[in-house]
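Chain lettering (A, B, C and D) follows the sequence in which the chains are written, and residue indices restart at 1 in each chain.
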């Protein structure tokens, strides 16, 4: 019998990607899709790509009905709203993979400071598995609630965490310069994501003040034991998808070869991490769940480069990978493009 | 003394282009910019490209104040709203170049049918110069109100009108397949013009039902004397700007050479029409007021190709060219990129 | 035991897509990849996306060795060169899916006229199955050589053939205005396909003289019994992939509803044809083997719209679909994205 | 009488931009365009945008003929070849603005090390004005040979030099993370700059080993008096034009306000430097000679952001600005878009 998955907040880009991946998953059936604003519409009228592929209508979320229809919820709601819904779902015994930031940080005050809202379910903070199976497989395996990672943090934590853990780089001097495709900004119409505003243009935003920075620090700290302060600058890049993070670190008695060894030791068995000699581009990983990593020496620093697809490894692919881990399936089910 | 021009509805893409062109015009000074929604903001906060170039604040339109500050109005308001404002401006003796469709058609019923609103100033319909100086120079020279042409119609009328006038093609079998950059859809945030909706995608819209079709028919009819029915299909193309129209016509005892001769006779003295042998692309005319035209035989048809920049020759460049004509200046002032 | 497939001419975009699709095919193993120019290189050095996914080196094609290693050849060579290689492969009893145009036309003289070369294996002309399973399933099922269709012809023949067969449209007045992504022009460095030449630009090319025009005519004629003369204009569009064909036809006592009925009767059981009410865009089918079709009335004409991914349904997806048909497998194996 | 300018190596993107700018310059006439490979072709057949605008044929460079036709040479040849030609031109008394890197560095050994060629005219090294009028106006005013700056160095030196000079930042810890449009890679067909390779993709290249790094160091050193070692990472970004440099520095008793003050003191009178509060994007400066600068605090660092158009302020606009300086004209002639 197939595992029944429902998508809450099914009209955005990550929700579409999740549906697309789940449709080719051999052990999963999509049984519900919800949306407040588009209630009653066929999902294919919101995502025309799904015509003839998924014959479901969007419904307004109702926890009782949802829990009858679904074993697992992919919750794609905005922060704040998400935690409230997650609480209802957990009370109704649904397994939840939460795409929001609501359960990623380990400190309620930090969350409330950065997100500017009272946390709706603070008791859970610090008890939720962070959904990077390459780093937290043990916690994910037994979880019934998973905080699906942010897209930028995935691209920074994957290269950095093993090096921090091994003491190979200084924790006090890390710069993450990230370039993201526009889909990361969501599907709600806004001036800043209009075609003619972003096409033929690149610019940074939220320099040193993006909410993904404390997420990077928080997760990296679990490997360092001390307090890291990453300097993070995201850039909006004229492309649909992909994140490229160029990371400047200071080695501690480590060179590029040592970095590769450490990565290899940590990720050698991971099907989605590729430690490459060439320089990765976002196109190399587009449409895939891969993380491509490389390293280059530059003066007294090392430059780490990570490329992911922000909608897949940075969101919906990670969610499916987490689902596979929870159910003990092969990690790659539904995920090989 | 410089001619004082004000821009009404100054926050969109065509308004920005108009400002950019007027800033390099030797005989013009921009003296007012209006916007209801962004009142009080510096124009450069809405168009950061204008930083250090134009030091004006957006004001709410008030006809008395505007008429004191400006000799000429570039009116960039939506249809319906535009005609109301144009009436006020004309009563206050401002010369007006109207970017909307409100005075382009020669029949009130046709207008009200296609635009779904009561025309606010029907008495003017049929008396307003259509702002293509290459075809209507006489009317423009003495005008105090000009209907600035639609972008698609410009790309179709320029190649077609001389051929229709010369009787070189059949009026009953004309297909205009146009491809436009996304700026043609305006700057108001909408799902359909988000980067991730339009990038890497092309699609037609409003097939056989776009409001620019009656405009093409109306203007072309002035040259044929009979009723034309163009079949018009616009396509949204993943680029900022540019319109490429591929036009399928049936010749009447005319071949490609004859088409070139007719164009040459009509446009030989026009500084902005280039009759070329190569196939034009939108990139060849990007940022310019040029119309590039060519023709190819294909079976028993001729294929006409026209390329323009939708924001320049298709909107703001035409407006400046019309201004030059009204004042008897060289047509190219402010317009050579 | 898996069917062993080899890719001849494995360095281009269609070859990459074929490899990507075959890698997720449950009954196929890729056993050889050939290239003259990049002999000895790992396939992943030419296609970095394949890192960790396919561990093969490029070899120079040798028919004896290839026939030992492979049951089926995907032949991705240029026209002329392809037919010579196909003959060798057939003599060695390999099943061949030929991506070139060498066996698509049914008349040697027509081929030699349009392609400007002597046909290397003229005896085969007229005996080779044309690889559109939706239309030629019977011939494909028993074939050991298949002419994989051209990308533009697929987008035109799929909507047109059923209507021609049903006598619903005139054969003498068909205009196909197609817009293609840049990948259709191949991966060999040329000025015309540089980023800065094609980005932010659209233009037609080979108006009325493209080699895919006789292919459209030839295949359509098999349904009409008479001689069709499509007028075909391709356009290079600033996007990686996708073809959108806007097709202007004159109905013969048929309206849009009748067109839908005819399509439904022909394609109702085809897993890859979607007859939709909305207007398709190339993005709706990007990365998939779907053909999205719709129809709109416009004056005394009908406008047909077809969208495909040029690299999938227009090339490598069709090849895999043909492979599935030959082996009697489910048509969709390897093809659901 | 107009100054006569010739363009040597006139087929590339920077040459086209130079021509476009010079065509609207009131005191300049373009009198020669040279190209070895396209000898005899009209310039408009290589740059169709120039149809009807510049009626010159490409000739093979001959110094005697060139010196008769031109007062000034814009030399757009590759490094090495350029210096040889420059020597000929100077011997014939032409004023030269050299777009290559041949005279930018102040040390012959450094040049030969980074560029891998023997310098053809080493005596000149160290005596040539570096063409940033905002920083080296005195040297440019009297120059007859100018080293036109590299595009990346312009985007880094403009924000950094004043801060270095004022002692406001540490020279030992500067990271320049730059993102460039594809036109920076030139117009010669190469795999890496094909549309389908660069579109929808971003990647760094030449990490810590790009030839513009020693140029940055060299010029910055003229302000610091000591040896700087910038860490420079360029990225190829999917857009035609523009460079965005995100620069990470460590302040020395300076904050963001102090940075603005220093910039203001240095650039307050420069018509092309805009010190802005908002975050600049490449689109804000596209088609212009502006350098947009801002600064943001981030932890114990400052982040500087600079945006330029790589083809204008990063190449051809700078050349015209230098020309204006040499002749004592207003710096902005030909340069206000």
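Rule of thumb we're sticking to: contacts are C-beta pairs under 8 Å (C-beta built on N, C-alpha and C of every residue); 3 or more make two chains touch, one makes a residue touch a chain.
Chains and their UniProt names: A, B, C, D = N-acetyl-gamma-glutamyl-phosphate reductase.
Not measured: the values here are computed from a predicted model.
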| Which is the least count of steps on a path of touching chains running from chain A to chain C? | 1
| remark: In terms of mean CA position, the chain most removed from chain D is C
| query | How many angstrom between the C-alpha centroids of chain D and chain C? | reply | 45
| task | Please report how many Å separate the Cα centroid of chain A from that of chain D, as a whole number. | result | 40
| remark: Flagged in chain B as touching 2+ other chains are 181, 197, 199-200, 238-240, 280-281, 283
| Partner chain C, residues of chain B touching it in the complex | 175, 177, 179, 181, 197, 199-205, 207-209, 229, 231, 233, 235, 237-242, 244, 246, 248, 279-283, 286, 296-299, 301, 303, 305, 307
| query | Which residues of chain A touch chain B in their complex? | reply | 13, 181-183, 187, 189-191, 193-200, 238-240
| Contact residues on chain C for chain A in the complex? | 20, 23-24, 45, 48-49, 51-52, 200, 274, 276, 278, 280-281, 283-285, 287-288, 292, 336-337
